[in-house]
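Take a look at the following structure, please.
Chain lettering (A, B, C and D) follows the sequence in which the chains are written, and residue indices restart at 1 in each chain.
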């Protein structure tokens, strides 16, 4: 039996706590240290996981620690990726790598130069239903892919303070869908058109962002895709994909918490959807961290890496540009040389 | 092109009107005469169908008329079948043939002696979904049938006056399910156990009947079946079947009027079921009359005949006996020699 | 009782035959004359409907005939609308009015000048499920509409000869979706972006058309919409709509021919979708013609008129322009003054 | 914070292993000892749980251990319940308590005399969907319960050696459904009729058991129920319930592993059901053990106790008797004084 994988966590907020929880469920993996500028948060998460609360420097200086999970706000990713790469740690970083493409590129290059794997937190790739979509596509079950439709709606908008620092809906939210699209069809996105509106809250519009958006995309192989996003769905977290091919269609819908159906005079009623990503992607988050552990162990596994992070960000940049200019945008025009 | 099939209708009530409507939709078939003791009803149905309102005697004396649809209350079936058989007409008669097995037998024998086909109105055999169930079974899609479950619930009880003359829930309502069972598995029912209660309306209990019932059955080949019946389902007319076999299951559910789904804070809501048999079995009623027309023309078609009517009645009698005595009942014990 | 509505049919092809069939099912309406340059086709449809096969001139000269159904290929619509308007007939014309916006406008003006109602064959407005969508929206069941997604896929491409004369996928096929969008949200479309590809058959591409397309639209009120189209869906005619609003979502899916489900080792299998529009929209076609009869009778009913035809065509023109230029297109830029 | 609950496990087979796994997932609970006559099995389960492998006597002698999970074959339950009761441990015992009613009664009395809680392993009571059924019923969502239908099918029969010692299908398998029925309607079952057959494997019939069965039941309040059981369902573990009441119906179906649907020429295909109880009731098993921990802590919680075990066994005895005699059986006739 191999020695346990020892991990550190930087960032003890909502998503950091989810990752810490995943680690405790995986055999032969230990969370040994947690760092956060909010020391109480770090102590709380550390306490639940049997880890120590430390500073980022201490965490990275611990030579027993082979991998680090970066779950801080996006603005800290670049510096922490650089530091972790220099310390020779295998890195898991939440999406997006950075809001600025040049900065994100530097991160990826730095990890490459340090020869440490950099995995990006595109958790949806690990959802059992979405994985099955890709298996069906790769297995030729629907022939050549022609058109993909992704619906992705949050239950309710985040606080305005979050939105203001988020880089906008496309970099913060739709980036998951752009990555999913690349994951499913195995091609790059070359052209993007986006429309958007602040239909839910004018304050979001005043902050320069939209809360409701549609994106139309074309891949290098000429496949088409539609993405629809909203920051609000009162019936719950709505995450659906359908993929049309020359030989059929494969789709994945929303899982339900119970199979209870109530029939009455008004009709048949089933449950609303689960509230949000913590419930919906619970399995996916655990699989994601299991995969990261395999990366740390040096196993050959498929995972979203820094180049995937850059590619999705480039699509998000193109969508942002399209929204701002009212023009269709070639991804190569925004992603630069 | 063959000459049109000319039909007469005896009984211009609810179900007679449905059959008249079906006739008008079938090419090369004409409803030429309608008889009912309620002359206004006869005139109304005749008017809508381009037929004449006549007496039963006149109707049966019309030599141009080759087939007759008997849609009167059950108590008149026997005499009218006899009369129609003597007149050499091909006969369609609503279920049940009669409430009394001896009387029903006489009807069947009389039709046989007169060498006229007698078709019984087991309309559900013509429902597209239920036909597909039988095709799946006959095509070996589920292997050997082991267990059948039939759910059959009316939206609301009929008037007490109807119930009092109905012969009881098993002869009036469950008889459809007993016929369906025979239709699907192609075997006779040999043993029956029934339970029942007047859960909806004590007046139904006072009238000696039940409004909620369960029946357990065994076929000659040892296959098992469950039937559940109720005179009430506030969410609409509920008609479902599932058939389990050694190699799988095939089921048929309830069709819906629209595919509209409304998602809100409380969950996902779809339509209640269609109100009653007129909507649910509209297609089946038309197919049934088309089949009768084929019988009239002398074509080789599969249809529920008098023997089917007797067999289903025998099962209903056994269920009635089981309910009354609290014992499991062999169908041979009630159906006599 | 009012005198029966007498109608004439110009065009005895596939869709003409459907309309003739609908007329025979509606009480108090008669199809009296059928015209088609293919006299055998006219005679065949006339024969089935109890009508006479005549020339277009004869048909329009018949003063007993109050309404005319124009179901000829699009290139004949303009002349026949003009002729029928001059003859004072109430006009039903299949979509699109014409492939050229100026021509289409002339048709609408001509009908207006003759003061005859002109109804356009947007049959989907009469689909029971889609009507219920609009009722739900109008009834405030989902709050303010924010985003609409329409999926519309044919089972298989039409012959190349048809495509070559069709005006392209957007004017021929997506025009239904553009009309549906206007019908549901009650607003005009102001901006369009389209992508497309000839994924099914390169010959379609060589003919200058696409067979797979996506359209993104914005309405005058800032609502967003996505339309996805394909000329092929091997699982059947796929027609779905979902409408997201501030207070929920309402959707309509595909009806099924039977409710049969087969469960086996591989999973649960249900029927493919109905083959094509004749089955799917059978009810809608009949309701459409019933509505036209009401228009003929002078009743106050809601129907898609010439302006609706122009508006949908303008959106199709904008989509065509967007596809050709790779730019987002303002509808006002193509629809002219 | 309270001291951790320390538990011992007797029986390290399939179900013992599941319970051990549940314990490790519950905070503040420790599995400290595992006993099994198969010492290797005990050691294996103990190793995975951080517990010691010990003898039953050692386990019960450990005064730090407050509760014991009995997961041995049924024939050992009685002796171990007695021993554990004498040792003053809070007891969780798998169903059935014993195959013989007198023995089972002794167990319950012994626990009562020792004043230790005895919880019986009716895991399905803890399934989230089934709990919601009861909440809906208790909350008056469907009015008065009139009829319950339970479908319960295993994917494949157990080994013949298991069946021979199982007490028969009703005591081994249907007993879960009988308990569920009592759980849902809150009434005792008073009358039972059963039919059964060895349709899957004649060897099961030769062993005196059936593999396919139907049971019809009546409760003290006159409510009716149908249970259908099979030892085989090639499409997976099939566990469904529907409850009909005066004001509606509430049902719970089968959860699915993924929401993937594949549409092709043949139709729409979804996943088969999860393989068996370990997957289907994973949540329920964990909730069950959490509830037992609450019982150990002395909290006021609702749990299936010894009397529930006896009541379900009495229904199973009555069904067994009905099957053997071909008569409807009053539960009071078999359960004795």
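Here is the rule we use: contacts are C-beta pairs under 8 Å (C-beta built on N, C-alpha and C of every residue); 3 or more make two chains touch, one makes a residue touch a chain.
A quick note: this is a predicted structure, and the numbers were derived from the prediction, not measured.
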* Type of chain A:chain B copy interface by residue overlap (half), same or different -> same
* **Longest centre-to-centre distance from chain D, chain (CA-based)** => C
* **Euclidean distance of C-alpha centroids - chain A vs chain B, Å** => 58
* Asked: When the centre of a chain is set as the mean of its C-alpha atoms, what distance in Å lies between chain A and chain D?
  -> 41
* **Touching two or more other chains - residues of chain B** => 234-235, 247-249, 263-265
* To do: Pick one for the touching-chains graph, please: line, ring, star, complete, other.
  => complete
* chain D-facing residues of chain A, complex -> 25, 128-129, 132-133, 136, 141-142, 247-265
* What part of chain A is in contact with chain C in the complex they form? -> 144, 146-147, 149, 151, 153, 191, 193, 195-197, 199-200, 212-216, 218, 222-226, 228, 230, 232-235, 238, 244, 246-249, 326-328
* Residue ranges of chain C in contact with chain D within the complex -> 234-235, 263-272
